[in-house]
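In structure tokens below, several structures.
One chain, chain A, appears in both complexes that follow, with chain B as partner in the first and chain C in the second.
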Partner chain A sequence: MDEVFQEIASLDRLIHEPARLAILTALMACQSADFLFLQRLTGLTGGNLSVHLSKLEEAGLIDINKRFIENRPNTFVELTDAGRETIADYWKKLEILHKSAEKFKKENT
Partner chain B sequence: MKDMQKIFSLTANYPSLQGLKSLPIGLYLLTIVLWANQETRNNNLSLPIVISISMVLFLWFVDQYYRLEFGSIRRTKTKVRHELLISIIAVFLALIAFWLDTAYEWPVSFLGFLFSGVMIFDYLRLWKSLSIGNFPYPLIFSLILLVVSMFPVLGLRNWWLIVGLRTQLFAVLIVVSVLMVISGILWHLFLIRNLKIED
Partner chain C sequence: MDEVFQEIASLDRLIHEPARLAILTALMACQSADFLFLQRLTGLTGGNLSVHLSKLEEAGLIDINKRFIENRPNTFVELTDAGRETIADYWKKLEILHKSAEKFKKENT
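Take a look at the complex of A and B:
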């Protein structure tokens, strides 16, 4: 089980936070998403979503592009290559953890 | 916060869940079939042209509504390729079914079977990842269409004449269009439920 605890400890806190994990997971499923869609999907307020996006951008996991569509400002967010790799790796680690936990449960019942 | 599997699936399938986009297509099909069913249309194409333009405008309006109300995503290249392939196969099968239905007299409708199959395919595609076990409408609609496509075999010969339609194809297409509209509204309600701003 030591390895499992090491894995848990190594999980990146930046992306382990539920709101940021939701944002990255959504971005993993598409090429890019706009601010409104992410807000609707996560249920976060505009302010909260902005804060989380800024943190992810600072960490180099996402790119934020602002542009005008039909004279309206639109913010598009997409994963960077590092971000795509990080979130994929994160889910892989969780999968391993899940399997380890299942194995542990079997062995102890 | 929704579970992550749902977040992933809602994002990946967001364009397919925009049910109101089925409305203009369903209404277009309905009006075109009703127009074609008229005995006195004299090949005057002005009405179909007006209906076609209205459908395009309606589609554009619905697209704007989703973009401004729920936001937008860009699909991955793999997903775009995958959906394009499915569309090409569906169109190819639809052409074959249309040819079979119009070239020969069958006691069943192949186009009806195809639409029924498409509804099941669409449902199964979304069923597991979106946990839509309590959303059985597409399955019910698919079953309705399957039964309607086999009405003559089930003893209802020339049933389309009873409802004032000239051919089985017209009757099946009207059922398809009505189911398309209802199903589109239900998918839209599903999307609203899942993309609402939480407190």
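Take a look at the complex of A and C:
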């Protein structure tokens, strides 16, 4: 039961980091997004967003595709199947950890 | 409505960092704890736990008191009122952000 705190301490920083968590959650909510829309949604600078997208792509959580729309370059981002599962699992896990901690509290007061 | 992702991206790293989140959540659940109990609960090394406790103390979120119990030194840790409010608010905020993201998803699919 008290493993809940160890699980919190060992949350995966790749997903837990606020900027990357915002990106993955935005993609979960929007299905897909282009770079500028994602930047608007998360409020990240372009440079910051680029760095985090690269890390998430390296980890196989997102796909990044550059394409042209009406002759203008456009960067299209979407979750991979693994990414979709990972972010859904992460939010589910946080909810369970919070509930377990609350339960622990009730049993100890 | 879509500010939810900006809020996720700007979550306070002082509290959001997994080890510190585990410490604050454990203290929320236990009311107070000594160093060794906190180490067992979170699974952190002594050195790591020390560093994170110092940061949380500096931020005014916890109180650390060294005392003797049966002639043995004991480090006693508890949340300050501000710390108690901060960690409760943090978990509430995460829950709201998750729900808002899910709502955004439904509206966009």
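Simple rule for what comes next: the second predicted complex is superposed on the first by the 103 of 109 C-alpha atoms of A that agree within 3 Å, B and C clash if a C-alpha of one lies under 4 Å from a C-alpha of the other, contacts with A are read in each partner's own complex, and residues count from 1 in each chain.
By our rule, a contact is a pair of C-beta atoms (placed from the backbone, for glycine too) under 8 Å apart; a residue touches a chain by one contact, two chains touch by 3 or more.
Since the structure is predicted, the reported quantities are computational estimates derived from the model, not experimental observations.
**Student:** Which partner does A:Arg13 reach: the first (chain B), the second (chain C), both, or neither?
**Tutor:** Second partner only.
**Student:** Between chain B (first) and chain C (second), which does A:Phe104 come into contact with in this model arrangement: first, second, both, or neither?
**Tutor:** In the superposition, A:Phe104 touches chain C alone.
**Student:** With the two complexes superposed on chain A, say which partner A:Leu21 touches: chain B (first), chain C (second), both, or neither.
**Tutor:** both
**Student:** Answer with first, second, both or neither: which of chain B and chain C does A:Ile64 touch in the superposed model?
**Tutor:** The answer is neither, since A:Ile64 touches no partner chain.
**Student:** State whether A:Glu95 touches chain B only (first), chain C only (second), both chains, or neither.
**Tutor:** Touch status of A:Glu95: second partner only.
**Student:** Specify the partner with more touching residues on chain A, choosing between chain B and chain C.
**Tutor:** Of the two chains, more chain A residues are contacted by C.
**Student:** So in the superposed three-chain picture, is A:Val51 touching just chain B, just chain C, both, or none of them (first/second/both/neither)?
**Tutor:** It touches nothing on chain B or chain C.
**Student:** Classify the contacts of A:Leu36 with the two partner chains as first (chain B alone), second (chain C alone), both, or neither.
**Tutor:** first
**Student:** Between chain B and chain C, which residues of chain A are contacted by each of them?
**Tutor:** The overlap between the chain B and chain C interfaces on chain A comprises residues 18-19, 21-22, 25-26, 28-31, 40-43.
**Student:** So in the complex, which bits of chain B are touching chain A?
**Tutor:** Against chain A, chain B makes touches at 1-2, 4, 7-12, 14, 68, 70-77, 79, 195-198.
**Student:** Sort out for me which residues of chain C touch chain A in the complex.
**Tutor:** Touch residues, chain C against chain A: 2, 4-6, 8-11, 13, 16, 18-19, 21-23, 25-26, 28-31, 40-44, 91, 94-95, 97-98, 101-102, 104-105, 108-109.
**Student:** Taking the complex as given, what residues does chain A use to touch chain B?
**Tutor:** Touch residues, chain A against chain B: 18-19, 21-22, 25-43, 76.
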